[in-house]
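You will see two complexes here that share chain A, one where it goes with chain B and one where it goes with chain C.
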Partner chain A sequence: MAIHRHDNHVSANAFMEWIDRRLPVTKVWNEHLAEYWAAKNLNFWYFFGSLSLLVLVIQILTGIFLTMHYKPDAALAFASVEYIMRDVPWGWLVRYLHSTGASAFFVVVYLHMFRGVIYGSHREPRELVWLIGCVIFVALMAEAFMGYLLPWGNMSYWGAQVIISLFEVIPFVGPELTEWIRGDFVISDSTLNRFFAFHVILLPLILIVLVFLHLVALHQVGSNNPDGIDIFENVDENGKPLDGVGFHPYYVVKDLVGVCGFLIVYLGVVFFAPDLGGILLEKDNFAPANSLQTPPDIVPLWYFTPYYSILRASTESLLFVFAIGSGLGGIAAMVFTKYDIKIKIAIALVAAAFVFIFLNSSGKAWGVILMGSALVCFFLLPWLDRSPVLSIRYRSMPFKIALAIFLVAFFVLGYLGMNSPTPMRTLVAQICTVIYFAFFALMPWFTSIGETKPVPDRVTYDEH
Partner chain B sequence: MKTFFYSLLSASFLSLMITLPVNAAGGHGAVLDKVHMNMADKSSLQNGAKLFINYCLSCHSASYARYNRVAEDLEIPLALLQENLMFTTEKTGDLMTTTMPEQDAKRWFGVAPPDLTLVSRVRKPNWVYTYLRGFYQDESSPSGWNNSLFENVAMPHALYELQGVQKLVGKLTPEELHELDGGHGEAQAGDYHIVGDAKFELVHPGKLSPAEFDVAMTDLTSFLAYLAEPAQLKRQKIGVFVLTFLIILMGLCYLLKKEYWRDVH
Partner chain C sequence: MTDNHESEEHASDTSIENKKRRRFLTGITAGFGAIGGGFAVTPFVLSMSPSERAKNAGAPVEYDYSRIQEGQMIKVEWRGKPVVLLKRSADMIAGLEKIESNLADPDSLVSLQPSYAQNQARADSNKPNLLVMLGVCTHLGCSPVEKLALGPDPEMGEDSQGGFFCPCHGSKFDLSGRVYKNVPATSNMEIPPYKYEGDLIKIGEDEGRLA
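Moving on, here comes the complex of A and B:
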């Protein structure tokens, strides 16, 4: 018996050797799982990376089954979704998993990004991990936006109408460009068909490639940790970090707990509140697309609402505030800095140009520019952040206060974007828009002032 | 540090809470009665189906729903359904369409009656319940009927033989509504019947008493809610099993995690 088992062992080894000579399975397994060293003190914030991957898989799998029954045709699309909800066995479950999954994707991605900001995961040497992540975020927004047209409900139709018409503000080519995007003078069957192609083929492919690059870039530099310490500065004789554990099995089993917790919330919504009071499935989208009947309030889904609020907040009065801001910024640069006089004049000229531009352009065009800039800000984060330490645990008070104010403004913008505007709400949205951009514009300043706490040599870990 | 962080998060949520009342004040003004539905009550849903097919389906369609699915979900024997409730088709697998041509309907009513399969998800049950009970006689309208919730609606009162004919006495002020149970429930004010914020007087009684009519409309509203999402009858039952399983699994995963992490110091 013992000899027999020994033989099996040998043959299993021989098999893996045969494979490994032709495909680096064992090498990849070790480098990226068993001997991928991650700090032992990663907390629950670190669940959201693997959860994003899980949701991507859920969306692709449920999406495959939805495309088996969905008809990308303006005359059939709405009815085919109802067919999935009623006549396809378990179709309702697959559809709710997909529609709830879209929102779950943004929940975990927003939390994942926030984790990066508070622990300094965007900083050197992980700038590319962060940048690729930002591209994933933008691609995900495009994916969600195009997917939302497919049910061909009335909100799908008018939402797409509003967002595509934003491209009209682009100088010279705007009207032609929007026509080219739609494939028609209005949102129509041709728009639906091309959005279907982008949603099920192009963007998922882009997302998968980007996620792969995101992981390759991460594994090149190693994972950060809540202390923002480089664990490779303390290694044993084999080069293994003293504070590191292998991703497999340690973080695999830990992430399983996170997966269960996530599934409880996600499936709780799927089974008990799939439209979540109109937040996940808007009521106007249960009526088919109707080009003659505009819904009373055209609102995007919650994950777009902070940016939508910024778009709507852009009025002449907001531009006036920006003009004053640029003017004051220019004066401050002249008075308080010690640059050469030529540089000072250049700064003053640029500031004057901005004042002129802000005072002489339309609110709509700037709304689009501001909405785009709101996303561009995330890309600049690694270079705007000048703090000498990475983690919020050791950062100075000004950073924490600024981050708290930014968070509040972000939530308020998101909330206001879900509701129809009133003069009061527009004013609040404008204040929050100013805070949003001020957070990024002033970051080089508030991250370099105040007293940081001393960073320990080794990670803080309390055993449970 | 953690405490600072949590105070930071709670500050954000607090700010949301502060902005919430802004919404309540700026909400849409329609006063709706609350419908007390029981989706587990099959006889209520069956009665709703009967009312729907007899009174609604001749003009409105429910063209995403199939007869046999309704029969299966509501436990109506197929033979009974075929004999008593199917007027437009012989095949039980057919969609619940209407025989009224859309062009004619447009000519007769000015607007084609909308499909009702999803009306409960578009309008929400309380709206449906209030609307169905809000028809009143109005000589000035083309059909002779009007509706207190949906003013100048093209639809005539399809259920008048059950409800009877009511006349609008007036609209209640918010203060009066507040006194009458905030406009919720089946408020009675003397001889008047309150629907939403409208005060009605019954001028010709119908086959049903006002209380019986309200029950019938609860049944019809429940059926429309079912029709809008047939899966709701079973998704919550399945959900309980799924969540129970996941909670147990999470406990086991946690123990597994503890076991592996014992040797990390």
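Moving on, here comes the complex of A and C:
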């Protein structure tokens, strides 16, 4: 894939010429908007990138106004949020825009990532776009987690308690590290203060830089499309792809339609159901933090629940299944592959080591490791996916089935994470955890089998 | 002018010897720069550790335990953490034996407690009925909910003899704070140092006693 760029950008008038000699406005405008060629068949899945940008802006703006009234102090924080809700003119709106915006952010980012998976946008040459996206995802989780402590409700307090304690399982330095993160021996005023600093300054800056890099990387290689084909293979004499249209005005206008649709849903929630039955704002968080009493049905916000379920599912019986899995994997590699005998022995030894480790370690540390690995899996996706075609339109059946099963498991994990654990639910969560990891572990295999459909030369597009 | 001229000459001097020297000097400068950077970062990193005020907030607390009825549990705060005070009935104590085969560490070998509480009741042998325990789940630090009724419980299971259930990730403990098998937590809840002074129990101080 090669994007043809030229240097003969024509300034619109004398004023722009004066500017362009000092600041490359016309060049940037052309390269990133007017002459940023995007395939003409981009569908609604391509809304979610620009919508993520929109939500980022909404969060930053509403955040600035919240900061004008919020007090980052354990003695005052809870009351200051009540004050915003009751006494600050329009404060309730600013807060609901921000709290609903956080959930909206995850909705659009999850859909944006899913688009990447179904159209193969994570594959060559967009690996870095994807990887930077994954870092954004992790940074976004950190941003949401720290923001959740700020209202200093009881759910905020205990949520932070659990997540910070995750670091305790790190060998040797764990306990000291958690003290350093909290700035105290328990979650306290110091913790609240530093989370405030991270939430309003550090992480927004990091996110903005990352989003910038994300787009620079995307514009270096060009956008993918629902057919997963390279539009730069069919270009006219000027190097413009035959199937491409300029991002501006075509996609600017189209994205505005997406913005309207998004705003209808988002503002609908803000005005009519700002806590969405306890999903967006949890009822236990309407009580102030109490260091003696964990809320009886403590759960994180919905966007963390799949990972939270994985954490909860990590008990000895799950490790036993993992031990069997690595054992079988080792045997399969010995019997069904054609590697050199030395490599086979090495694989067998590694598998045996894993069996031993799984059988002899505690569920606690593994919960944390598995939860982390669940995120790491996304980073590996560009290399786990071996399918000869990019888009799901032309992919083989095994991939589609595996993806469907994974989605079901992901939703079930998310659902279970919103509810209290019972032995039955824990068992289901364990099965789904196995499916989750099997999806990634087996991906090199199921993406390379089955028959793919022939990929057309030009994008599929209905005139209308 | 002459200076400039000279430096230009140097710049174009590409003998291997000179290149090596330049690389060495650049390397060593960068190395020292990195060390300096490390020193510069240190105060910022350390500024995030617990402050002197936080370190001094650890005084022991006292409680008049004669006010606790049999079968009753109360929580007091010590160092910002919940401490459970539970006066167990004879039935509760008898139940400890019955579920022992379901426990991960029944003898508290890998768990934290003063030596005088390393027994089935996990309590000072002079007052074995009174459980003094950090109500902090050894998984990720939530405060488990007490289940003081003996007998079946939706969360504790069919053969429950009472105990503590952690709402966060479902860890289960018996009425001595001993952890069940096959739950996320893997050790018993911690027993803090404590001692009796008349009717008072003093939590956070035992003067290093062993029994």
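Please note the rule applied: the second predicted complex is superposed on the first by the 452 of 464 C-alpha atoms of A that agree within 3 Å, B and C clash if a C-alpha of one lies under 4 Å from a C-alpha of the other, contacts with A are read in each partner's own complex, and residues count from 1 in each chain.
Throughout what follows, a contact is a pair of C-beta atoms (placed from the backbone, for glycine too) under 8 Å apart; a residue touches a chain by one contact, two chains touch by 3 or more.
Just so we're clear, the structure is a prediction, and the values are computed from it rather than from any experiment.
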Pick one for A:Phe271: touches chain B only (first), chain C only (second), both, or neither. first
Looking at the overlay, what does A:Ala34 touch: chain B (first), chain C (second), both, or neither? neither
Kindly classify A:Glu179 by the partners it touches after superposition: chain B alone (first), chain C alone (second), both, or neither? second
By the touch definition at the top of the document, which applies to A:Leu292: first (chain B), second (chain C), both, or neither? second
Touching partner for A:Arg312 - first (chain B), second (chain C), both, neither: second
Touch check for A:Leu263: first (chain B), second (chain C), both, or neither? first
Please indicate which partner A:Glu463 is in contact with in the superposed arrangement: first for chain B, second for chain C, both, or neither. first
Regarding the shared-chain residue A:Ala75, is it in contact with chain B (first), chain C (second), both, or neither? neither
After superposition on the shared chain, which partner residues are touched by A:Ser420: those of chain B (first), chain C (second), both, or neither? both
Return the residues of chain A at which the contacts from chain B and from chain C coincide. 420, 422
Contact residues on chain A for chain B in the complex? 40, 79, 82-83, 85-87, 92-93, 96, 118, 245, 249-250, 253-254, 256-257, 259-261, 263-264, 267-268, 270-272, 274-275, 283-284, 286-287, 392-393, 400, 403-404, 407-408, 411-412, 415-416, 419-420, 422, 424-425, 428, 463-464
Touch list for chain A against partner chain C, complex: 158, 161-163, 165-166, 168, 179-186, 188, 190, 194, 291-298, 311-312, 314-317, 362-364, 367, 420-423, 426
Could you pull out which chain C residues touch chain A in their complex? 48-51, 54, 58, 75, 77, 79-82, 135, 138-145, 154-155, 157, 166-170, 181-186
In their complex, what parts of chain B are in touch with chain A? 1, 4-5, 8-9, 11-13, 15-16, 19, 22-23, 26, 63-66, 69, 117-118, 121-124, 228-231, 235-236, 238-239, 242-243, 246-247, 249-250, 253-254, 256-258, 260-261, 264-265
